[in-house]
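In what follows, structures are represented as structure tokens.
Two complexes, one shared chain (subunit A), two partners (subunit B, subunit C).
So, the complex of A and B:
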């Protein structure tokens, strides 16, 4: 087989794979701006009517999702960054156990986690009915991503030597955390933060179990619209979701690339 | 001389699992003295340096004094030491200038006073023009000088250096070794540095403490260590001297390759050594000591020969110039009695 043929075959396979992944997404997005999906976009024309209706019907779920994602970010940062710092600072068997324990929610299906939360806290009415209940679930689920992301950066920069260096220059433990650990872990914190936000916005399993009609999030609303609305509205909803999530994903990629290049010559 | 006197009194260090990294040790470093801690890896030299720094605490009973102040329980950040780490541990999130100024910043020295001192130290360490560089834009030698400048900028009482040259290329190391020696002398600060390289220790230190297995074997000026080693370890580690082992009888040493007149009267000494450069190569005919050249390394200023058949271990000989015998040649060896080291 000549190089040209080999290249052509590889190219065709790649195109096919891309098409397999992208065509459904594109169709769905197009459906969201089509006047009548069953007549087709060419016959019936293009409209933003459905997007407008989504906004009318579901804007509360979008705001709620963003609020929960933001709250989740704050809480995971406040717990996760010092936790990762501590785990790095005092390595040992106990730290390993804590690390595994924190990661446990990842290996349990979201439904089971939600069930456990419901069993334990379901009777506390005010809590059960508020968006805080969902927030707690999201924090449980996303915290390991923040901790691991920050830990990974700490382990690439030989934090112990840097801290000893700062201590030898007279820096207190708070100054060492603030001046050395935090700025050098920044790419990891950023990558972790974006992962947390993206996961929280897209989380369905757990949220579906925990939500009430008054605390729907974006993915729950999406499922709701697929089940009970016109296909065009559900598709327009998907479009809105895409517009929110794609920039986040791009930023996440950029941040994790930066995190990996830390310490290397620029 | 200015500077702080550093004293260790009965300092030992036992790590978990009963590993004795350092046996109880007394040591005095005079104000302004540059002390080299020399020894193979695992000899306890780095542990000793970390005890001085406050990164390790000595076993109970050990004491560290800076002048007359007992600093044993003072944590590193309040000990006022400067430290140059093996990896340099420069802060990648700060520029060169910010690295050098960090010790002043955490002490609350700001504004023009800080700038002046940073500039002064940077030009002393030949870092002019590099102030705004990022750490990852520096060469190995520049990093080393930034680490040194950062350590001395807050005017520490004692300067501690952990293998300051080992992170550098071999080609660069010799140049930077001499440069470091010049800078350290210029500082006239009490300094202790750790190294496993005897030429590095000799080039930089006023006195050298040769360490092995958690203890100091000998502490002396470089020339004394070289000319008058007190233990067999010092003789072979510092000077690379050859041990002559054979049967001793009436002042003569009977070796595999012949007989050597030692001029030693009375009892047989425990150890007899001869330095590589004190052996002369002669014609094998009629020589009282003979061997065969099995290795020859030409190094420009001198040639290193390995000679077998003289005693148990091959004999190492250093000759000036290139006019040396070839591999496989039989040679005679002239070992002057007054060059022998024995104890």
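So, the complex of A and C:
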């Protein structure tokens, strides 16, 4: 096989893969702004009325998802940043085990975690019926990303020397954490924060099991609309989701690359 | 003392919402009248074993297809610089954060009754092609969310490979396929195995896509869901969850031991 044939095959496979991913997404976006999908966009025309209807029917799920994502960010930051700092200070066997353990939600399917949470806390009605129940699930799932993202940055900088210098000048443990560790970890915190928010907004597996009719999130509302609404409304709702998630994802990938390039010559 | 305080929030949260619920899940699985024998019942029940087999087969097929396609694209995008390259990379990674339900819907738009493929085939060839509501639809759905994950892992490794090795092999007269087989692929091996394991484990545990496509696709997560919600068979749903969790966890541990990376097992 010549180099030219090899190039042609590789190029064709790449383009086909792009088409496979892009075409259904484009279909969905078009369907969301088409007056009547079965007549086609050219015959029936373009409209924003479906997006308007989505807003009337489902705006509560959008606000709730944003609220839960924000809450998730705050809680994962409060739990995850100090934990990453501690894990970096004691890089021993015990730390490895702790890290492995809190990372379990990455490798256990959300369905299994949700069943576990439901069986232990499902009978505590005040908790079960509130959005806190979903928030706990989201924190469980996103926390490992915050911890790893911050830990990855800590492990590339010589935090120990910086802290020793500060300690010799009389800085307390808290001051060293606040004034040295936190500012240095900022790229990792940013990357972790964007990952947490992106994943929280898109989370379905856990949320579907944990939600109640009064605590629907955006992806739960989407599943609901796919089952019961006309195709144009389901598509318009998906369009709203794309508009939220794609910029977040782009920011997340940018911040992750930036955090990973720390300590390397650019 | 201060460092202990740093761990405190993590310890409280993980104990209350991870350790205890998991213990409860295992104890609920053996809480029925059969006790631990419930795990023997799974093995002897043809329906559960069939669904386990189907889940493994569809996950395996997706893994092989995703690794082949994404590796080809990753190598192409790593080795060639051209205008529009970043657009191609963006369009191969944007579905990364899509939940399984959305991907199920996209597959219906592609291969459903009113889908693009059926519209084209009915109009031009006068034959109906509907594949969304079956294992084939599930295969394409899982492929949809596996390609971006595998691509990112393989590209990250491919960019670190020393281009001088490929040049050396070429200057010694190796054909493109020989270079691929003897130089590039061995260098990529850890990334290929790791991303393959991630794709496989994600497909094994995915729920949203099957949920959107059809309720009669009997992959393991769907069986767990119906056991829990429709049959209210809590012990069996818990036992199957424990089994599924152990399989995906073991696979991802294996994958991480090879590369030290992990990408979310969402969907």
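Note that in this section the second predicted complex is superposed on the first by the 248 of 266 C-alpha atoms of A that agree within 3 Å, B and C clash if a C-alpha of one lies under 4 Å from a C-alpha of the other, contacts with A are read in each partner's own complex, and residues count from 1 in each chain.
Just so it is clear, contacts are C-beta pairs under 8 Å (C-beta built on N, C-alpha and C of every residue); 3 or more make two chains touch, one makes a residue touch a chain.
Being a predicted model, the structure only gives us computed values, none of them experimental.
Asks: Per the overlay, which chain contacts more subunit A residues, subunit B or subunit C?
Replies: Partner with more touched residues of subunit A: C.
Asks: Answer with first, second, both or neither: which of subunit B and subunit C does A:248 touch in the superposed model?
Replies: In the superposition, A:248 touches subunit C alone.
Asks: Would you check which partner chain A:179 touches, where first means subunit B only, second means subunit C only, and both and neither mean what they say?
Replies: first
Asks: May I ask you to decide whether A:222 touches subunit B, subunit C, both, or neither, giving the answer as first, second, both or neither?
Replies: Once the two structures are laid over each other on A, A:222 reaches subunit C alone.
Asks: Once the shared chain is lined up, is A:140 touching subunit B (first), subunit C (second), both, or neither of them?
Replies: second
Asks: Is A:157 in contact with subunit B, with subunit C, with both, or with neither (first, second, both, neither)?
Replies: Touch partner of A:157: subunit B, not subunit C.
Asks: Let me test your reading of the model: by the given contact rule, A:169 touches which partner, first (subunit B), second (subunit C), both or neither?
Replies: first
Asks: Following superposition on chain A, which residues of subunit A contact subunit B and also contact subunit C?
Replies: In subunit A, no position sits in both the subunit B and subunit C interfaces.
Asks: Show which residues of subunit A lie in contact with subunit B when the two form their complex.
Replies: Its residues touching subunit B are 157-158, 161-162, 164-172, 175, 179-180, 183-184, 186, 262-266.
Asks: Which positions of subunit C touch subunit A when the two form their complex?
Replies: Its residues touching subunit A are 1-7, 9-10, 13-14, 17-22, 24-25, 28, 69-70, 72-73, 75-77, 80, 88, 90-102, 104-110, 114, 116, 143-144, 147-148, 175-177, 201, 204-208, 211-212, 221, 224-225, 228, 234, 237-238, 241-242, 244-245, 248-249, 251-253, 262, 264-267.
Asks: Which subunit B residues qualify as touching subunit A in the complex?
Replies: Those in contact with subunit A are residues 53, 55, 75-78, 80-83, 85, 87, 89-93, 102-103, 106-107, 134, 136-137, 150-151, 154, 160.
Asks: Using the touch definition up top, name the residues of subunit A that touch subunit C in the complex.
Replies: Residues of subunit A touching subunit C: 1-3, 6-7, 9-11, 13-18, 20-25, 27-28, 31, 37-38, 78-80, 82-83, 85-86, 89-90, 98, 101-113, 115-117, 119-121, 136, 139-140, 143, 145, 147, 173-174, 177, 198-199, 201-205, 208, 219, 222-223, 226, 231, 234-235, 238, 241, 245-246, 248-250, 252-253.
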